[in-house]
Amino acid sequence: MSITKNIALATGLFAGLMGTTALAQDNTRIALVAKSLGNGFFEAAARGAEEAAEEIGNVEIIYTGPTSTTAEGQIEVINSLIAQQVDAIAVSTNDPDALVPALERAMQRGITVISWDSGVAPEGRQMHLAPSSDELIGKTIIKLAADHMPDGGQVAVLSATSTSTNQNAWIAEMESVMDQYPDIEVVANVYGDDLADKSYRETQGLLQSYPDLDAIIAPTSVGIVAAAQAVQDAGKVGEVNVTGLGLPSEMAGAIESGASESFAIWNPVDLGYAAATIAYNLATGEATAEPGAEIDMGRMGTVTLDENTTAAMSEPFTYDASNIDEFKEVF
Amino acid sequence: MKDTETTATPVLRLSGVTKTFPGVTALSQVELALYPGQVTALIGENGAGKSTLVKILTGIYQPDEGQIVVDGDPVRFPSATAATEAGITAIHQETVLFDELSVAENIFLGHAPRGRFGLIDWARMREDAAAILDRIGARIDPRTLLGDLGIGSKHLVAIARALSVDARVVIMDEPTASLSQAEIEELYDLVERLKGEGKAILFISHKFDEVFRIADRYTVFRDGEMVDAGMIADTTEDKLVEKMVGRSMDAIFPTREHKPGDEVLRVEDFAHPTEFDGISFTLRRGEILGLYGLVGAGRSEVMQALFGVTRPSRGQVRLNGETLRIRAPADAIANGIVYVPEDRGKQGAIGAMPIFQNVTLPSLGTTSKAGFVRMAEEFALARKYTERLDLRASALDQNVGNLSGGNQQKVVIAKWLATQPAVIILDEPTKGIDVGSKAAVHEFMAELAAKGLSVIMVSSEIPEILGMSDRVIVMRDGLMVSEHDRDGLTPETLVRAAAGYEGEAA
Amino acid sequence: MSIAEGTKPRRLPDRLSSRPSRILKSWEVLLAGIAILIFLANTQASPYFLNPWNLSDATLAFTEKAMIGFAMALLIISGEIDLSVAGIIALASTAMGFAAQYGMGTPGLVLIGLAVGVVCGAFNGVLVTRLGLPSIVVTIGTMSLFRGISYIILGDQAYGDYPDDFAFFGRGYVFWVISFELTLFALFALIYGGLLHFTNFGRQVYAIGNNATAATFSGIRVARVKMILFLLTGVMSGVAAVCLTARLGSTRPSIAFAWELEIVTMVVLGGVSILGGAGSILGVVIAALIIGMVTFGLGLLNVPGIVMSIFTGALLIAVIALPRLILLIRKGRTS
Amino acid sequence: MTGFLKSREAILLGALIALILVVEMRFSGFAAPGNLADVFNDTSILIILALGQTLVILTRCIDLSQASNLALTGMVTAMLNASMPGLPVVVLLAIAMGLGLVMGAFNGILVWKLEIPPIVVTLGTLTIYRGIIFVVSGGEWVNSHEMSAAYKAFPRAEFLSLPVMSWICLAVIAAFAIGVNRTALGRAFYAAGGNPGAAVYTGIDVGKTRFWAFVIAGGLAGLCGYLWVSRYAVAYTDVAGGFELDIVAACVVGGIAIMGGSGTVLGAVLGALFLGTIKNALPVAGISPFWQMAISGAAIIIAVAFNTRRETGRVILKSAEAKA
């Protein structure tokens, strides 16, 4: 008696979770894998990918990812994508090395694999689409801070997860141009792990440790919002300028309050669009990923792969009080 | 006390109260009456049903049949609170206190004085607690954490708790068991005062001296039945002992022709920092040595130290002339000394495991091969010993927890016999089991002794001690007080030695 | 009532009911039924499910956790728990990564991984058995301590220079679609099943979990048995660390984060009583398969992992609550 | 007073002061009243949650679902606020607490009526509650600019130079100090966990007492859900992930015995403050944040070793007493 009841319940639960089962076999299926679901940046990229799919036609976008920013979560997602025999996987990785084995297997099974935004080690992908060049970003983020520090001073860096490569590369590029700003001193480099509360607390620590701090550079969309909030809560608006990379929709408040004078970002919609288009072109054989190859990305023009089969999309764009209202509704 | 009061209507009366538990009838058609301003002593052996009665009176258990009548009206106590509200309070035998709470709170938990906004008034609670403690002559700071007190002081707190409610009936379940002589005297004064206040007191005790000193009436329980009641003035100690142990006097113990052989076990100057001191005795082959004393005399503690459960601070144990080093029960078992504990549920049987696995637990070395269990061997071993003990069960894979108390005890004894020991210690081997099982256990014990097994039997039941032992040692307060040969030993001698009645030695 | 002379005592049967009827009523059968239902539902839901390679890949999602789960099952049956297992993985993996930096070969790396497991297990065991501390609190502490040491060593860095042949432990195949990890999982299922159900040691574990005092009185060296169980759990965490590290090919301090609760969930779903004294390895195996199939099946439908966890959480409560609920309703009716 | 000096709380307070002084030596200004007030404000949520957990642990149970409860109520209030910006904060607070109470009651009823071990119940609801966040939000974040100004301002608003967040925490501490020490239910938590068998003799229903502990812990988790989300001005599925064990750790450091029946409100507050101070001090004192986890872990082990040893004093028995 009890067994049948248990079973009935279990089946009911399971059926309820099944939801939709859309299987369109004829389409080219491109999986866009985010670092984690729910992040506004990736949601915007997914919209761009959908745009590309509509433009191309016969393309189905599977937007997926783990719930938290872990490599293990991404591996499970990739395994299930391999099992579904998708045509292409475009991933923004939480860990450049840990995903390699899973992505290698995907490629062995004939799946096109590219990374975008945050790159995978070269053996784990056919090419990497960087949102911008590390060099350009590195220069931009320090310039954003320096523009509002005519007399020089102290800046601190609030990075994202210690496990993503792009931040470290940007910070390294930034440090390489520091000799152009002799009056500016980078006093600290802390990690907020892409968690709102940790970033907030790290910012509080910075504000306490360095009472003369003039700017915080947060090249991460989660960190910059938390840092702006912490500066605002500490009553240091006007004293400490928060800048870096962020999303207009999330940073609108900080610009308004003055906690942030300006920040930059490439357009994630464009990035998602480009990643999907490139993945489609590679998957359908219209392009091959090899050094020097030129790949079409629709309305975004073309990119050329360097010797590491990496391509940079565009320069970051700066947002401030003059243009924020226009963009905050977009992404 | 006026004469009219003694014939007055009782404050509380039980009539026809019956309470059964799976496998055991704890109380059968019991009658009891408590009168205002009088002390009624409740006398009976362990397992006679006294504690069950206390639990019924305080709302912990509900009777299966019968009535509780308070002031002429039948009442029901669905919870402890209900009994308290009806004016019944009790000093329980087992600790029902809280180590982590203060003395004051232990006294007032559940009925603390309230101040403004209905909040607990700690200041008043401490004052009231101090007043009650003072009243019973206990010099305890109400702010002390209960856990920091010794067992005697804890008992005083339990008494204070019982007196913290304005009760008409006060139940005292062996209230002097853990008190020093001075504290006992103060308790007697208190009882007198309570009598003077017109409270009805139910006084449960093993000690005849105190019964005769403070009780007005008596009621004797035996095997869950009320066998006698009357005025203390109309009886004698001998009569009460006879009533109390009466049934067992009639019970037939196996005849034992076998004479004990050579010395097997010698315990010398055994001591423990807190439990016992100066214990020395010997045990011979095929001998049954009785160890008698009141609850808390330290008998079980000596045996558990001998078995390696606790570490003695001093002393030697020799088995067949060889000094043993016993650091854990496993060492004792390896040397052929086994212990059948008193607390079956906690220490003896593993209720959620099947009979055969319980039996083979200490013998796994013999039933297994290369560390792997062999079920067939286990069943064979378990069958051999459980059948000799006439175990009543449906099958050997039945869980022990589903058996009656007597049958559980047989499983526990079987478990130890299966190790083929040289010395078996039986701690209250027939406590709380039915008459039939008792007889089976006794018969088997005699059979084992006849085959050369040496037995130490810890018991609080005088007939059992008299009926089974070749020799008897009496303990009191952690010390050996006397040693007796079987011949010519009387119940009175034992009771007096154990209770310290009429001088020290017997 | 006493044994009358000459009468033959009543013969007790070994077993109350026949083997088949007992098996039918068991927890494992209930779980197996659920597992089969989920399997069938999966085959209906996705055409990709019944692909041997896919199924093989899917096993990797639970094999490492289940391997720890076997040792954890014994530990929980004995009445203790170890919440530091994921911390041990992190520390063992970090130690292996550190050694690999200096060119240590695969056999040495495996030894280091296992040795860290043993040391961590021993640390837990000593705190619990020698100092008499409650294991749930001790291992909440060591959970942070072990992983914390990894963070101190690695910070935001990663180790990744593992020898090529090391990858076999996480990515190798023994035969056709049968991965090394799956083989190891099956092997450990048999070893732990044998240990728990067919040896004296296993019997002692049950006895301790049911009634530690009675076990002590029965001559079982309780502290020693528990110490061994903590060591086993530590070693299995080391084994899982080797497999997981080999599978990922890199070590970061956040490796295997929050696995401890997933492993405990798996063990409890497998019918192991959290209060100790009851449970079977077969149950844990089936629970691992259920969790693996739910994860994989819903993954094929691109259902996010967090939504899958609702299912496992609900299943966990439901399978334990339902029998009690039914009992409660029956009791309500009769009284 | 001498009693207090010997207590666990006094030792913990000493350790906390020592910790603050050590940090002050490395970085002057840490021990300044203003900064300590900031540390307190930052630790408020942990304190409130630890107090709820304290009740549950006192009754010999454990609640692992607090962080998930917090995240779910936080998300619900954020979504309500985003869709109905006009809804007053007081209403949202009530909804948060109500929702938290309901989730706590669900735990409690399973523990009370079905007698399922609390660790199993809350292990299950931990994942269920967290999963529901994803379902109700569709995985979307609720960002700062979607929240109304009032929503974000409430915990930050200063009153007598302390933020409302700190005042709420102080109010909860005060309510606990009174409720736990001076109400029948408060004392029942101790009795039910300290000696469940004996509690029956004093007329206490152990199961019901446990139920109330879970309900209160749930309600406070709900309250913290709003506070957390409005403070960090973002709501997403993973909010406070893994925080459940931090809460238990705070209780353990605060001397709340995991076997029930023992522990104080002050202890829980100090335990939470101790961990919160470590968290705040590390970045300030320039110690790599990567040391934080190991330090917390070591603190827990030391605390439990210390507390447990004090609890297992040998009972001095009669014969020894008589001799003395």
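In order of appearance the chains are A, B, C and D, and numbering begins at 1 in each one.
Criterion: a residue touches a chain if its C-beta (ideal position, glycine included) is under 8 Å from a C-beta of that chain, and two chains touch if they have at least 3 such contacts.
Bear in mind the structure is a predicted one, so any value in this text is a computation, not a measurement.
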*From the centre of chain A, which chain's CA centre is farthest?*
B
*Can you check how far apart chain A and chain D are, centre to centre, with Cα atoms defining each centre and the answer in Å?*
34
*Once you find the CA centre of chain A and the CA centre of chain B, what distance in Å lies between them?*
73
*So what's the Cα centroid distance for chain B and chain C, whole Å?*
44
*asked:* Where in chain A do residues touch at least two different other chains?
replied: 37, 67, 191
*Residues of chain C touching 2+ other chains?*
155-156, 257, 304, 306-308, 310, 314
*All pairs of touching chains, please: list them by chain label.*
A-C, A-D, B-C, B-D, C-D
*Residues of chain C defined as touching chain A within the complex*: 29-30, 33-34, 37-38, 41, 45-49, 51, 54, 57-58, 60-61, 155-158, 160, 167, 170-171, 247-250, 252, 254-257, 294-296, 298-308, 310-311, 314-315, 318-319, 322-323, 326
*Please name which positions on chain C make contact with chain B in the complex.*
1-3, 9-16, 194, 198-204, 206-207, 210-211, 213-221, 277-278
*asked:* Can you tell me which positions in chain A touch chain D when the two form their complex?
replied: 36-40, 43, 67-68, 190-191, 195-197, 200-202, 204-206, 208-209, 211, 225-226, 229, 233, 249-250, 252-254, 328
*Touching chain A in the complex: which residues of chain D?*
27, 29-30, 35, 38, 42, 134, 137, 139-141, 143-145, 156, 228, 231-234, 236-241, 279-280, 282-284, 286, 289
_chain D partner contacts - residues on chain B that touch it in the complex_ = 58, 60, 79-81, 84, 92, 95-101, 105, 109-110, 112, 118-120, 122, 143, 147-148, 150-152, 178, 180, 273-277, 296, 298, 477-479
